[in-house]
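I'd like to ask you about the structure that follows.
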């Protein structure tokens, strides 16, 4: 029991650190580019990782109410990615 | 349970969506409802003012929650006076807007107008600082819409700056509110007034920051130097009736300063000593000076009037910044005067505009109706410049009198008097160029072109201007009772205990009064 | 007659000429005359009381708290001046009727004249000095209108503005002086102030008050160095000059000095200032007058000179001086008004006032000649005319006056001034009327009708009468003098008589007259000398000064308000930072009272990313799309931060708003340039960086300060936590606060949103109906567009996902009261679902199939929220009082019905309507010309051109 | 009858989907909630059906289920492969390629599912459709033989989808 | 008791797997030197990674109390939307010429993205197509 | 942790002020958005920081984050959204009318109006 929870705690911390690192790496790609597609991709990745982060927080804090937040981020991340891309493709995103 | 207090907020708030829903395409119906709404507002406001005139403080607990936990509206002498002033101003402005067809030169004028009134009324009535923020935003966003009403390049460009400036102001307001809540844990003004008295002298930084940030926020609204830059272009470019309505908006800032810095951070409060009392006065004097110098320097009539507004706000702020009962009395008297005079002037500017190519202060051929317009301009200019016999002069005397025994008297007198002179010179130059010099012009070859572009003003426009000027005359003739009432208001402000007790000791849903300490 | 009526008659009467304008000139003048006459008679009814030494008073409270009341009093002095004002006024009205031409608007003229008359009467009858100030300034204003009456003349406009500026300045100074005086005396009532001579003169503020009041008097009475405006005011029609600048307005300053004489005079300051100013004015005015060729200018400067004389007399501070002053006022008013009117007649008939073009008029206009000559000789101080009498008294007083320790100074200068005075009088007579008749007058002069010569003739009769029989005037002048002196001195016993014996004054008089004649003899060489002498031209200086001030203020104002938001913003930021720093540095800081929480790696990573996004925005902001992506990151990090610090509602709101904002910005960016060029200098960027860093440090410091300290007492939110479920029926306290505890804020908030949408819609309409429309329709994209407007995959996916998103929105709405969510977020989610549809299939296709009346949705939302609030009125509860209950309808679980949910529905609808109306507006802007509405939901659909196996269509 | 049914339930599968989603959102199963979910599942598609005209009527649910399970399995396996490539293969050794998949599928829904499947299975991304919709452009992360990839897509996925939408 | 321990182990493992995949996605994003290849890593590997985390969350909810399945919703959402996002980003890359030009389609004229509207053709010179850099 | 949040507020403010002082409307609007973030976080922080204690009432739990600032920030976010939408639209209108998206206005264009009032 105690080993399992310990393991889980360690796993949680590792996961936190890894996701944070992944975020930072995506950020680097975002700033570096070079193409707009790369930047949108980096943003999209960060949104997805952010969902992971919030899920992790839910596990770590034993709180379940972050579900709605994750769900919304999942929905909206998609919409904003499409919006950015449509802007690059067409200029007008609602045409 | 009487619900009259909330009527000035709810009435326009329901009327506006109703106009949008039911009368979007019928300007005639919009006008009827808009006028009816404003008349009802005047009626309600007069009733509230009457109720408050004997010193009664009426509390309205929204959602039945007791202060400080819920939001309350408070009607005392000051707030009801401002509400009444707003309602009366609104009527004449609306008449002008209809008479001049301004309301039909873009969409949603009447809805925005009602929303604007709602915001102003709420700001005057609320007893809660965050709610004040919300109403500021309501009145601001409506004002954006009204300011750019009917479009046009210059107006939109000025509009951008106006909005940006106010966005900064709103941001600052939130910083101030954050500081207040972080320091005192409350948002209700009366509660805050009590809580700041618990702060001990060893830890004053927090509340001082809060107090000074809040002061800056209100100073922006009141166009106090050096936070006045938003005003000239936006007032000059706004459609005339809108600029006229805006005359009350700067007063919202003045009102808030009076309210907050007499009740909460009163001059005798040690922890905030030296904040508003040190810097407001020089800033107010500078505003007065800049405003009047601007009158002299202006090359366009609309900007001239805008600067006159800054100057007259400077005057109000000079009086406020003394924070004595007599000075607040003077400030209130001058506030009413300044609102009516500025509104009248903006409307007259629009009358002048009719038939002229532009508002450049250069002579242009004289147009029909100029005689009446020039007479109205002369009267309004007299009022604005503080010349006798109109209320500006009385107000100026009140301010000077209130300043007499203070340490800043010499400064105040020097600035007030010399800026008056500059203002007189500025107005006389403008007036003689616009109305007299035109007579020496050779008859223009193509006057038809300019006059045909804008039709002659309707009688209703003159009625609106005449009404405002009549109010100014009344404000002068009945200066005695008026100042006596302002003194009563001032008295109530400097004895805030009944206000605080009314707000905090009235139980609401599920509450025992004064829970928490 | 009541004093009120006397003052009020001209004011109310002023309405009549304007109204009578259409009834004709005669009617206009007649009504004006009648009004004036009524006031005049009213004044005379008080004569017995005045002669008896009684004080007639009248009082109505105006602003008691300020001590400003409508208090009038009539004593000898007031009566005297009122008599001049109304009496000469009557003559002027009669004269003006004939003088004004058909082109002049008579109603306007007489309106101004009556206003002026009323103001003047007001001044002399005021008992309250604040009231007096009102009338004082009114004379400035009405004289502004009168001087500028001939609007087409530049001189008229300039003269009017100069007069207003100078007298206005004096008036403002006087406000200061009077207020000080009133404060010292404890009352603004003259009757009180005049009793307090010792108190006032002992007060340290006496000198400032004196200076300020004298500034007012000197400017009004054209005393040196403020004498320059008066001649330029001569651009006015002659009746105005005759009235304002002989008998009335310029005498207002003199009147006030006389009125204040009991309290202000007798001190060394008073003596030195007033006497010196008077003396200089007298001499200077006389010299200048001699060399003026314009009759009215000559008279104007002579007026200046005589006002100096009177001022000097008042300055001596003796009772005799005061009496002489009063007597000279009377005399001057009579001969000078007559002279002005004569000059007007000459101008009117000969069409010139230039002395050099005149001469010999004696034969052509004998009546005018007699009138003018008698008046001028009186002014020159020739015996048997009234001017002689008062001038003798002046010279007598001068011999007793020692200024600057030199006993000879005042007599010498007085004689010198009288000499020039005599000289210009002789020149006026000689060069205008004497000499040979010329044949080059601009018009053929002849005597005018009686309407014009009778008024001055009446005055000349007075001139001669008083000159021959001074004792006729003596009692009256003594009554007046008594009221000037008040309790401070006895009226001198001296009798008014022509012959006083061989006193020094007589010799001085003789010198003056003889010298004056000699001066005229050598006039031409003297004129050449005068013309070659460089001297400052006051008008030029004044105008240059005003122009300089205007230019300076324009430079200052337009330089400061240069329309640069960047500057305004910087000033605002610096102001806020400095003010905050001031508040901070003058306060006290105690120790931190809260423990800091440890930093976790994930928080640190979030912080780094926020930092990176912000810095990225600063450095990469020129690429606008890039900065939009970066702000997306910043927003994402902020919302993750909100989750981290236990604010799920906030996180959801933040992220949804974020996305909608980005969509809006992308829609706008479609029209805007995609790049921001480099424009600001390195200097500017450095400055901005400094301000930004200071601002950042300031907010950081402030946030830090509060974060490590507790609030002074329990925050009110304890109550919300404790009562959210009990009183609000919800476990999500944030939501309960939003829809219940502070529902009123939310009500305002949705209204803000609604207004925003209306505004955006209204502006779109305006743009689309204006000149912008054509540009929009023919707009070329600034970057090539890809093909495939409505990608197939996106369209197909949206068809499935949109219902799911709508369901999620519905879920979030329902759960809001107890779990994170609520109407606002639900509204945004639903909006985004619809936006997805728009993005997939295009606005035109989507809205052609289903077009929501978004205006109506907003309106309905706001109305529902408002009506929910009003609903509580019917159970006698305040606006927005909530109620809730739990119900059970099988097969559903027990669920809650709350009015707050209805309110939240209003929020929901308002949000959906507002967001969609805004997006729709932007989208409408983007529609180009010649682009037909899309017919199909997706651009590529192989099933369209290539129908698949038909039987399958029956299936399922 | 059928008309009324179609009018009421324009997309029965979506109704089902929504009911499931609702239940998942509630995170608990109760009769009331399911009923409520079904009600919503009827109302929402009914409100949005105008945006989904020309519904494909042929759709074999059972085959779809098999297909889904297969795809999930593919995703899991391929993920490991791609992870391996990412971690071990240097950029210089990487052989990315464009491949063109000629389509036999005609229904947008079917094409979308195919494209989605291609993208979800790591190593391939469906990038674009040809302008008439007869070919699919796919990008492969690493392959020595692009034609083999194309053939696998066609046999393993497209064929099955044709059956599902047959 | 044992179920709980097993569950906890499962959670830990799922977490680590998820973290690993998410990391791989990020590495791919950073490592690859071409816009199209970069697209492969995070859109799918990352998605699976987050999927594993969601699975961990579900298992965790079953181990500590009443189970929860609603994470499935998020997971399916991510899976359903990921292809569209990837599709759009690929289109962006093709449109902006951030990758090799794809081969011509066999039947049709061109790829839909490259089917630039008539009006914009002359604009589509290489100079303007360059992606704007910071 | 407090320091992180405080400095985040500072960073956002600094970036916001810098962008607000740029010359074109677009970066200025983004700058104000950053300032809005800063102030929202500040206002949120006025309830102090708590981790793992969302103010959703639950049996047996006593400690919750301060809900009031959260509600205030929510209101503030919504309001500033409306404001941003409006300023974007007005800025767009101004740009479309004048083909110039400078935020500064050359109001002192030489005018014939003047000074020589005669």
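A, B, C, D, E and F are the chain letters, set down in written order, and residue numbers restart from 1 in every chain.
One rule holds for everything that comes next: a contact is a pair of C-beta atoms (placed from the backbone, for glycine too) under 8 Å apart; a residue touches a chain by one contact, two chains touch by 3 or more.
Everything numeric in this text was worked out from a predicted model, so none of it was measured.
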Chain F reached from chain D - shortest hop count over touching chains: 2
Chain hops separating chain C from chain B, counting only touching neighbours: 1
Most remote chain, CA-based centroid, reference being chain E: C
Pair exhibiting more inter-chain C-beta contacts, C-D or C-F: C-F
Separation of mean Cα positions, chain E and chain D [Å, integer]: 15
Distance between chain centroids, defined by C-alpha means - chain A, chain E (Å): 11
Euclidean distance of C-alpha centroids - chain A vs chain F, Å: 25
Length of the line joining the C-alpha centres of chain C and chain E, rounded to whole Å: 66
Contacts with two or more other chains, residues of chain C listed in rising order: 154, 157, 161, 550, 554, 558, 561, 563, 565, 567, 569, 600, 604, 620, 625-626, 628, 644, 648, 669, 699, 702, 706, 715-717, 720, 741-742, 745, 749, 752, 755-756, 759, 763, 766-767, 770, 781, 783, 785-788, 791, 793-794, 797, 800, 804, 808, 819-820, 922, 940
Where chain E touches two or more other chains, by residue: 20, 27, 39, 43, 68, 70, 73, 77, 80-81, 83-84, 87-88, 90-91, 93-95, 110, 112-113, 115, 132-134
Contacts with two or more other chains, residues of chain D listed in rising order: 21, 25-27, 115-116, 128-129, 131-134
Contact footprint of chain D on chain C as seen in their complex: 787-788, 791-793, 795-800, 802-804, 806-808, 810-811, 837, 841, 846, 849-850, 890-893, 937-938, 940-943, 945-946, 948-949, 952-956
Chain E-touching residues of chain A, taken from the complex the two chains share: 1, 4-5, 7-8, 10-12, 14-15, 18-19, 21-23, 25-26, 28-29, 33-38, 40-42, 44-45, 48-49, 51-52, 55-56, 58-59, 62, 64, 67, 70-71, 74-75, 78, 81-82, 85-86, 88-89
Chain F residues within the chain B interface of the complex: 20, 25, 28-29, 32, 35-36, 38-40, 42-43, 45-48, 68-69, 72, 75-76, 79-80, 82-84, 86-87, 90-91, 93-94, 97-98, 103, 105, 107, 111-115, 117-118
Chain D contact footprint on chain E (complex, rising order): 20-21, 24, 27-28, 31-34, 36-37, 39-41, 43-45, 48, 66, 68-70, 72-73, 79-80, 82-84, 86-87, 90-91, 93-94, 99-100, 102-103, 105-113, 115
Residue ranges of chain E touching chain A (in the complex, touch as defined): 1, 4-5, 8-9, 11-13, 15-16, 18-20, 22-23, 25-27, 29-30, 35, 38-39, 42-43, 46-47, 49-50, 53-54, 56-57, 60-61, 64, 68, 70-71, 73-74, 77-78, 81, 84-85, 88-93, 95-96, 98, 113, 131-134
